[in-house]
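Okay, so chain A shows up in both of these, paired with chain B first and chain C after.
Take a look at the complex of A and B:
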């Protein structure tokens, strides 16, 4: 069946009633019943409490000359001792120094690029913060400024690190490492809105030990770059060429010329087999399914779900069943795999 | 040719090249790898969502695009049309209409009396003005397909002096993530399918008086015709198809649309006779956004990758024409071949084709 249409799953009217009751208690009681449940949502402008014993935390506001605490974002209420904070349901990424991010060039200036990193403001990537082709270490000249579009032009994807933050929270990026640079040979996926960072919201990339990893698939190795900002790039693993870059790790600054390959700023894809393209799309579909199912996205989960999905497909093929009864699309596959994983322990 | 959406494609040449080569595989690898070339993105649909409309529907796609349609009918005074009146008077004067004929005439005599202006469609898309190209084109495409059969507008005829004025308000609740024509058309289809008009109590040319019992209301698109047969008119539905290399892909998402060779919008209406498949009521080509993308710079022409940048534009053009590397994005050129249009339309309207499946799926919501 190529067209799948489901009925909406709306909350039952009873739920709304219970919620109304709960918020009534909220006003009168000095205790906060909503904080414990974690299922109810406060909206901007909603009074959380007028009791002066509480302290205001993130996402709240006390109007002048009152003691009322009002929510400023839509999200869940959290209570830490006497501190009230509201965690937003969806938030933009707020950059921090050292974050690995995937970005897209929005505009090209004379000496810098403006990069979209899903933050409230565009980040900047100065011409001086990139590796020059061939790894030459020198001052950037007027010729480099004229040739700025040969490195990155509008729409190009890159992986970079947040080097510094300005006072207005705009980030300054750098790509001065062999791990960073232009992205190609793959597929971009965005899971923005989760806010990134250590606070784990439902579905999204969280800061973790390893943001880039290689996945072993039947068709070959697939590189996954999980940007903390929720931008994800999945690409075919680049075959290392030449002896100098045999194991990119112990390249000193003196041998940078040999290590920075010729294709650093290429916008041309290598030849890929259909099988590897299929695996790249599969990983990207599964990651989107994970986010839609409200799971956190990190290396561990992706590897498990990927292996589970491959197994599931093989079984379905051998048994001749078409599709799972669980659900449809990416979410259906992810849910089926997660259920099996939980059953298996 | 219809205007493409104003939002520019913002994908890197490497991404475009990847998408294009994966979509031109056999079988094509789609962005959502659980879907085949003929599969639609899964959606959530409901109807009768707006309380004070004659019919309404809401459809939300998985990617977050959501459309809301309300159908509102109002009684309006018809303009006096002398030629219709005159013809009628003439035929009575000639005496060739007796009483039995007149009765029979009464049930069918709204044939050909509907006017195009009785149906008004407005499309609202966030971030676009009313007179922007995209909403205007979407509205005219939807109007065109609705009016083409002529049966709907005839059904709006009440008597010589009054008629129903049908206002269809289409609202896209999210920014257009992909070309929203198919979604809007499916939502409109569902809203019209479930729309009801109050039952008429007055007769002939009296001032119209309606039954105030909403349960007695008659559906705008009757389930069965007067003789009880199932061959009734149904609202049309528009299917979006795109061609990439040798493949034809239905319901493309935004990224897939960005590498299309050609995009075709086909409006189909279920045929009156149940034996044949749906019929095409209108067809439009849509300018694919891929035509506006900049080409990739091949390694050989990029000074940052060890190549030599061409000295002049003419030289660059020559080098591009002679290019043989596979991973370089080059925007597709040219239009649609006649054979391709034939293949797409036969895939849509054939027995068991895409249009039939879409219509059946939308019908199933109302029934189930």
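Take a look at the complex of A and C:
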């Protein structure tokens, strides 16, 4: 008689679910890579295949002196021709060249800044990779080096692009475009573990065509910056020309840049109406809810969910319900909105 | 499975004692572990000999029963990875930070191109029977070191050069099998953080219930609570998932060499059961992302 380890006496909900799980697996025998990307996930130590024709990709490993491919993370299996890789459910962001990221300055060096971009290592932003104020591209001078804190100081938020990667996967950033630079007038949100990975992710932020977009709300326009690293910044819409239009309509392209650069490195927030602050918070909550519900976070979904949430609120107000049937927290709101959208369309 | 055979023997032996319950029970003197003599001194001697009467332990379990295990994954949204684990009345909360840049650029990972694993264990003031300030004593340090070395070899640290993975464990309630609970909670939190590992690291405790008189008829016990831990010689064993590979083995009490094998066997089998339970938790959590 072999040793039997008894299950704990009281069947916990967890156990009940687990049993249901087990029966599911019997039904659909999708353990093999032929039935990849189903609903089930693989967990660390689980053998994916022992067929030597497959090649191992990210999230897998081949134990020494075997040909079996074993998963190392809990996630979904991806199959690209003969390459098997596993995308973890949640993981830290791994930078890639060209990614648009939102970051926070951690420390200021003599010629560069260290930026937290939620990657395993801090990224660096060299002084030579930013747009210096005072007109079009010019050489950086010793004076700029001395005034490095006037551009970015510790704790400042910025949006940047990954310019290059070093050997140990540390990223170098640049902000040499008017799209990039310091962030202000808004709210920072971190979706931990939901940033882009090596493979395309099902939930969370993914690399897409439009990472920055403007949302029309009742209180005015709101800018949303979706960093691929899972950091998100939502701000009141800034009129790009700023004071330039006050002078006259015929501002040249160089004048325009000058006008912008005056406010480029300002750390002063503009006055905002409580209504727009409310809308910013609403968008932020919805994005956090989407990530927590394991949904994809991109422009289409955010616009759809935002409009749904506004409608839901108006509906509840008119009916006199005080959000009684909604779930708890950001996830609850998002689920209520999505449910309503599915019913409607 | 040679180990299974051993236990079968034990069980048969046990049944035989059950019938010839004649000799008076001699209590095994409580084993004092070096770190913490103060916890033992007020304890009443626990009459473990009742075990051989009904084959039931103090909390009504049989020798091979685990306590109720409740585990949750991704409990804190802001952390890179987090978990909450209950093994009976032992309750542990674990958060993972990282892989992230170490606190100081100077003291990066020990090996230059691998991530460093740091472990911090904190005992809540209300976790034990007596409320006391538990500073980082030698036992806690040893637990931290055990976890750190175990996970350094388990995680694929070469994927994150120069970075640090920090495991923070909060012990909310202590009732035996502390190290095992910490290991199981850490494994879940690391899976939540998406850090690649070669397999689950799961742990369990096992003890030998033998008294001095009938040394042959020792019966191994699985998953000890606090009272049993103070009375019986026990070990904590951590294995890699489904395999029999032992990764962690800590035995702080003195125990006869012959009893070791059956203790280990039952511990390893407990680990396998534990892996199934934890795997169920992870799979259930994964459904949210389908």
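Throughout what follows, the second predicted complex is superposed on the first by the 238 of 345 C-alpha atoms of A that agree within 3 Å, B and C clash if a C-alpha of one lies under 4 Å from a C-alpha of the other, contacts with A are read in each partner's own complex, and residues count from 1 in each chain.
The rule we apply is simple: contacts are C-beta pairs under 8 Å (C-beta built on N, C-alpha and C of every residue); 3 or more make two chains touch, one makes a residue touch a chain.
These numbers were taken from a predicted model, which means no experiment stands behind them.
*Asks:* Looking at A:206, would you say it contacts chain B, chain C, both, or neither? Reply first, second, both or neither.
*Replies:* The answer is neither, since A:206 touches no partner chain.
*Asks:* So, A:5: does it touch chain B (first), chain C (second), both, or neither?
*Replies:* A:5 sits against chain B and chain C alike.
*Asks:* Output check: A:222 vs chain B and chain C. Expected answer is one of first, second, both, neither. What do you get?
*Replies:* neither
*Asks:* In the overlaid three-chain picture, which partner chain does A:185 touch, first (chain B) or second (chain C), both, or neither?
*Replies:* first
*Asks:* First (chain B), second (chain C), both or neither: which does A:265 touch?
*Replies:* A:265 contacts chain B only, not chain C.
*Asks:* After superposition on the shared chain, which partner residues are touched by A:169: those of chain B (first), chain C (second), both, or neither?
*Replies:* In the superposition, A:169 touches chain C alone.
*Asks:* Who does A:277 touch here: chain B (first), chain C (second), both, or neither?
*Replies:* first
*Asks:* Touch check for A:234: first (chain B), second (chain C), both, or neither?
*Replies:* Neither partner.
*Asks:* Thinking of the overlay built on chain A, is A:294 touched by chain B (first), by chain C (second), by both, or by neither?
*Replies:* The second partner, chain C, only.
*Asks:* Which parts of chain A are in contact with chain B and also with chain C?
*Replies:* 1-8, 288, 292
*Asks:* Report the residues of chain A in contact with chain B in the complex, numbered from low to high.
*Replies:* 1-8, 104, 133, 147, 150-151, 153-157, 182-188, 262-272, 274, 277-278, 280-282, 284-285, 288, 292, 328-333
*Asks:* Can you list the chain A residues touching chain C in their complex?
*Replies:* Result: residues 1-10, 12, 14-15, 17-18, 21, 39-41, 43-45, 59, 61, 63, 70, 72-76, 88-92, 120-122, 168-169, 190, 192-193, 202-203, 288, 292-294 of chain A touch chain C.
*Asks:* Would you pull the chain B residues touching chain A in the complex into a rising list?
*Replies:* It comes out as residues 9-15, 17-19, 21-22, 25, 29-36, 38-46, 58-60, 62, 250, 294, 296-299, 302-306, 309, 325-329, 354, 357-358, 361-362, 364-365.
*Asks:* Which part of chain C faces chain A closely enough to touch in the complex?
*Replies:* On the chain C side, the touching residues are 1, 3-4, 7-8, 11, 60-62, 64-71, 74, 77-81, 98-101, 113, 115, 156, 160-163, 191-200, 222, 240-242, 265-266, 269-270, 272-273, 276-277, 279-290.
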